[in-house]
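Below are two complexes that have subunit A in common, paired first with subunit B and then with subunit C.
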Partner chain A sequence: MPRILRINCRTQEYSFEEVGRYANLGGRALTSRIINKEVPATCHPLSAENKLVFAAGLLGGSTAANSGRISVGTKSPLTGGIKESNSGGLFAHKLPKMDLIAIVLEDKPAKEAPFFTLFVTEDKVEFKEAGDIVGMDNYPAHDKLLAEYGDKMVAAMIGSAGETLRKTATVQFTDPYKRPARSAGRGGTGAVMGSKRIKAIILDPAVNNKVGAVDADAFKTARSTWVDILKGHPVTSEGLPGFGTAVLVNVINEAGALPTKNFRYGQCEHAADISGEKLAETIEARHGKVSEGCHTGCIIQCSQQYNDADGNYLTSGFEYETIWAFGANAMIKSLDDIAALDRICDEKGMDTIEIGNTVAVAMDGGIIPWGDGKAAIELIRKVGTGDPLGMIIGNGVVAAGDAFGVDRLPVVKRQSMPAYDPRAVKGVGVTYATTAMGADHTAGYGVTANVLGVGGTVDGHKKEGNVELSKNLQVATAAIDSMGFCLFVAFAVLDAENGVQTMADLVQTYTGNTFTVDDLIALGANAMKDEQEFNEHAGFSKVDDRLPRFMEIEPLPPHNVTWDFDEEEVQGAKV
Partner chain B sequence: MPRILRINCRTQEYSFEEVGRYANLGGRALTSRIINKEVPATCHPLSAENKLVFAAGLLGGSTAANSGRISVGTKSPLTGGIKESNSGGLFAHKLPKMDLIAIVLEDKPAKEAPFFTLFVTEDKVEFKEAGDIVGMDNYPAHDKLLAEYGDKMVAAMIGSAGETLRKTATVQFTDPYKRPARSAGRGGTGAVMGSKRIKAIILDPAVNNKVGAVDADAFKTARSTWVDILKGHPVTSEGLPGFGTAVLVNVINEAGALPTKNFRYGQCEHAADISGEKLAETIEARHGKVSEGCHTGCIIQCSQQYNDADGNYLTSGFEYETIWAFGANAMIKSLDDIAALDRICDEKGMDTIEIGNTVAVAMDGGIIPWGDGKAAIELIRKVGTGDPLGMIIGNGVVAAGDAFGVDRLPVVKRQSMPAYDPRAVKGVGVTYATTAMGADHTAGYGVTANVLGVGGTVDGHKKEGNVELSKNLQVATAAIDSMGFCLFVAFAVLDAENGVQTMADLVQTYTGNTFTVDDLIALGANAMKDEQEFNEHAGFSKVDDRLPRFMEIEPLPPHNVTWDFDEEEVQGAKV
Partner chain C sequence: MGIELKCFATLAKFLPENWDDYPVEPGETIRSLIRRLGMPEESVTLMFVNSVRVDLDAEIKEGDRVGLFPPVGGG
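== the complex of A and B ==
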């Protein structure tokens, strides 16, 4: 029977509770419901009233392929709205093996309180002063936790960005290679953990209860169909394993939608230098790993290990978004510099998208020169220290724009945009505009039909069809995030007639509860409803569903498209 | 015939235009109408689409007592909403003597463009590179302008805070004592001027056209009645001239509403050290000036000149709000330190309320010790330089809270609260909550009936009557700001039966246009409508009419009152 573990970070009390009114929810649907029901929408995100929820998906603990993503929910310090930030790693599959569906961190101690680690066993939570891992980089700190708790330990932790309450702070998760290289990246979830003075949550390696499917035979059948679906699509079986997500650099550049120099252009002259093809070639030459998964049970394997010029491990989970942000948007040409920036982000626990965009804004403000990778490295190293420049950079694009006097800020709801210029990929633009998350491609990836020809074709330069496209993708994505699936399964599902049905079958046979395609859709739609309701209560209005003014008046080369939706026209993308 | 001068700061073109659709508007009613009609509500405040409007009131240029206040309107960099910031000085009475009712700065040049001064004559605008006064403190820079343009020059200028686009940046105005000591303080108007690369606007001393009342005899009669009203009220004839606005320190402290230590307490132990009585005593002992006016025609004379211990001029326009912000809220006990802080704010062109609150937040965040005046001086000196800490401090309370990890932020619509804790003075609390300006006591000064017994009595600890009180005051204040009156005339008007009628008579006889009490009320209400409409278009919702969450849950000693209005309950204070 799954339980919810609530931990009061001030009193150090905790309770293992029945799921009660949160039954039949998982992942994002669960985090968003808890936040919407329990957190006053107008509280300060770093105040005692905010909560931080870690939830496994409905398929958490199962052997269904690519179902081990974790959802981290809170009121976002970055946006001021609700946030679900999603990560790989081992945490999600581990929770159900401890009879848990979620952990909720509540309240907070005085600011002067020491940082604690939480060791969670089957029926206890041990608060322990975090000691010398405070202020330490994540990799060495994680190594110390491994040494203390053993190789099978699974942790969620924050780095110095989270400790110092930066709005870009991530929660990092133990991955299958014993590294804290997987991030709940967006929205500053790590700052909320930091405000509660929790450095790490460690799940007891000794507890590993068996979690079987309720209808084991039917589950096995569905699981096998599911593998066929994922293996049958070129994106999930060839593109992503072959080149990682960076396969998109050339594709999006070709489409004229690769935001370049703080969203001035849609194409980048040095795209070839930072492409997925170049990345794969470099990794192979240096005997890295072209393909690996971020969690057990992953059969897409879009991740990789990138070695430095000497052949030593430098970073992994080296995503298209990261490479784009530092590479095209901040104009840095060296993949090695970008990889070093990615590693620093993981070490300090920072969102690479927000930090990459922030570096571009710092360049726009004349703080460091355009394209200067070494200067960027020096700059972001200041985050998590007492350096005031680090305080600014660590708080993201809006903070940097305000500090450096830059008014060209590619943000929605104060969260900066990912690697697709919405003027040229309007399907994802509608998602940026309308999702409760702030500018977020993973909330409804319209790139599919706009650029990739997956799930049909919709012209990304025109308005027609893009609101509907975004809405359908947003609902499906919210369901995917709630079941615990990796978003990339969507590529295969969109082109497979039995895709959605198979996902529903997996949940039904695993949980033993009736779960139809309609239930799946409702799961996603209800998560969105919780999120929209919270944001309304937090003060968001329709006007917050506009993109930045400069995108309305500045055409994007080479296709010279502008953003021409007003806030009324995009409301149809909401539930 | 009054004209509007429009100046394009990019092309350096300008035009003197008939008022056209803006006829019969002045001051705040005019700035708010222009901003609402001409500025896209969703533009970035520092982008080319924002405008900066300087407008004289309907009585600008007249000899009616206390009618020479200037309105500065824009989209605020601090709040993201509309802003009218009001100042004394000589600018407002001078404009009509050049046949101008308003100057509108439009567009902006490239960021790398030099700063210019604008020399405005009767029919020309001369752009001149500002040269070495850029980066200079306001007093010496103003002296250089006086030397260049002569003793009768009247200027509006920004300091280094405005040049560097800080959200606390003011526009400073020449006062009757040839000092740039009067500030359009709130909301960052100076940053908008800085974004347009305008260092100063100088009004030609050679132009001084005669401006007579259209109905001269009737105007004379009304003017005399008006003087009697102001001279007949103890606040405007004794309290304010005798002790300046700092007379309020003891009064508000007694009432338990003096926000202390970043709004933790309603009384301050060292209130006597920073009281108006102590201030007057110190000024007299040092042969300063206890009483002076901020503009010609002022008969209230609430300002003063404060000398340092050696008897040399240190500062003027040394307001209760400033003394409270640094003195009680940041716990600084030395009036000399507070006066030095006030002077630095004038030199750099910074809002003393926002900066004082920001210093308190910096103390709350452990950046400098509580009550350390010398450290505060050092800290705020960094604003306007390239120092990143100065970038943070110069952007106000929210920026400082975000950077220093402080979640106790006494702001509404991102503007910090003035010197009255809204929990104990709910009449002004409703104004903070509902005015389009963000937390602003001057938008509807409920302290009158809540504490001072002026204009009736309403219990400031209870809800009853305070929404109505605030609404009536907000409408009246918007009218006062639109006629060009000093807000303090309200003390006398509220207790004089013929007060409002006399103000209307003054406008009617001066302008020659019918202007009844109903017209006066409509003038104020329509200004508010413009402001509310702009803010709605900018994305504000009712939820933005809440006070910070901590005031809802934390009782304020000594009366242990909380803020118990929700957003619906205060809507009645809007028009």
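== the complex of A and C ==
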């Protein structure tokens, strides 16, 4: 029976507890329940009362395809609301092999305390002074951890952005290629870890208990159906592995919804230079890797390894969002510069969406010229140092807007928007407005029906149908995040009659507990309820469900659409 | 004057050399265009004319910007 490991970062005490009242929860449903029940909603996110929860999904440790995502939950330093940030890497599937479903970091030591690494082994946690990896970039620091703990080590770690408590700070996870290249990107989870003076959590490679499905035969059958569903859909079997997520650059640009120059235009003149097609071509020419998975058991393989002009590894997990943020929104034309920016974000542990948008705001404020990739590289290198400009950039769009006097800030609940202009993709706009996470496309990806023709068609320029679309997707997504699935399975599930049933069958046969489609929906809806309740207690109201005013009064070319929902109209997207 | 034609992702191999001024015939639709380009109809799932999503029967006229995609997703 998996347990919850609680670690007090001040007293260095720890306990392995039965799941108790958190039974039958996993992933996001578990992190959001723990945060809602145990963290005072009004606390400062960097104070001792906040907690940081790492949870595997209900299918963590299983051999179901694409079920190894990790949820990181906390009160967000960026938004002041609840946060679940989701990542690939090896951490989630490893936890159940240590009889764990979650690790909770609690309390914090005095500010002068040294940074520690936590070595989690069989029924034991060792606090070790982090020593010289403090202040080091993530890749070399991760190499040192591999040398110390063996190359089957699995880590969650923060970089200098997290150590210095920046609101853009990520938690980085070991990927299948022994790199710290997977990020729980959004909302500043790394700053919470930094506030607790924890540099890294290491899962002991020597502990590797066997985990199996309770109903092994039925699980095998469901698993095989599940593979057929993912392999049978052209998006998950061809589009994503062939071109990565950046295949969207041309699509969203063609649809007139690619936010360009700090959300001024819906199309970008140099879209072809930063497209998924160009990316795949460049990777092939330089003998990189066009397609790889972010976690064990992934059969979609949307990640990649990007080499520099000399053929040396530069970065991986090089996503559409990152390429858009630096490429279209900050107008940088060189894929090599954008890849270098992505690598720096991984080295320092920073959210590429928030940092990309912050660079655009810095350009809007005249700090560096529009489109200047080299200047952007120099600028974000300052984060994690004592440079005051780095402190500002590291705190994200709102902080940069305040500092630089920029009034054009594409944020909801202080979190900046991803790569779809909500004026032209209203289904995802409703999600930006209403999710407890702040502007987050992954919370309810209305781009599917608005642009991609997956899961039906709803006009993204009109209001009709988009509140309902967003709500349905938000509930389904919360369930997917709670089972531990990669969100991209939704592309196939939305178009497969037996998709949702098969997910439920996998959970039921793996855990041995009754789990119907209704239970699956309830799992997602209840996670959202926890999140909404926490935010209400933290002081959020429907007034916070507005998009920035400029989107209501400035038409977005080429379609010249505005955001015309008011906050009353979008409330239906909540549970 | 013809149309500005773009074929993306796995459809790029069907892009004609005169893509930036591709001639269209009277009554041309996306369906007839796809046929002329030699694309299997089921391989095209997203069609844009002047940045508006359309279906196979949408008509095309000179000066239009046409974008064709296979099934794609990301995020």
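Note that the second predicted complex is superposed on the first by the 575 of 575 C-alpha atoms of A that agree within 3 Å, B and C clash if a C-alpha of one lies under 4 Å from a C-alpha of the other, contacts with A are read in each partner's own complex, and residues count from 1 in each chain.
Here, contacts are C-beta pairs under 8 Å (C-beta built on N, C-alpha and C of every residue); 3 or more make two chains touch, one makes a residue touch a chain.
Every value quoted in this text rests on a predicted model; they were computed, and no experiment measured them.
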item: Touching partner for A:G276 - first (subunit B), second (subunit C), both, neither; value: second
item: Partner chain(s) touched by A:E254 [first = subunit B, second = subunit C, both, neither]; value: second
item: First (subunit B), second (subunit C), both or neither touched by A:P40; value: first
item: Which of subunit B and subunit C A:V543 touches, first, second, both or neither; value: first
item: Partner chain(s) touched by A:A110 [first = subunit B, second = subunit C, both, neither]; value: neither
item: First, second, both or neither for A:Y320, with subunit B first and subunit C second; value: second
item: Which of subunit B and subunit C A:P388 touches, first, second, both or neither; value: first
item: Which of subunit B and subunit C A:G239 touches, first, second, both or neither; value: second
item: Touching both subunit C and subunit B, counted on subunit A across the two superposed complexes; value: none
item: Footprint of subunit C on subunit A - complex, ascending; value: 233-236, 238-240, 242-248, 250-251, 254-256, 266-267, 275-277, 302, 319-321, 441-442, 445, 447-448, 451-454, 457, 487-488, 491, 558-559
item: Residue ranges of subunit C touching subunit A (in the complex, touch as defined); value: 6, 8-10, 12, 45-46, 48, 50-53, 67, 69-75
item: Subunit A-facing residues of subunit B, complex; value: 40-47, 49, 111, 164-165, 167, 195, 387-389, 391-392, 395, 399, 402-405, 407-409, 536-541, 543-544, 546, 548-550
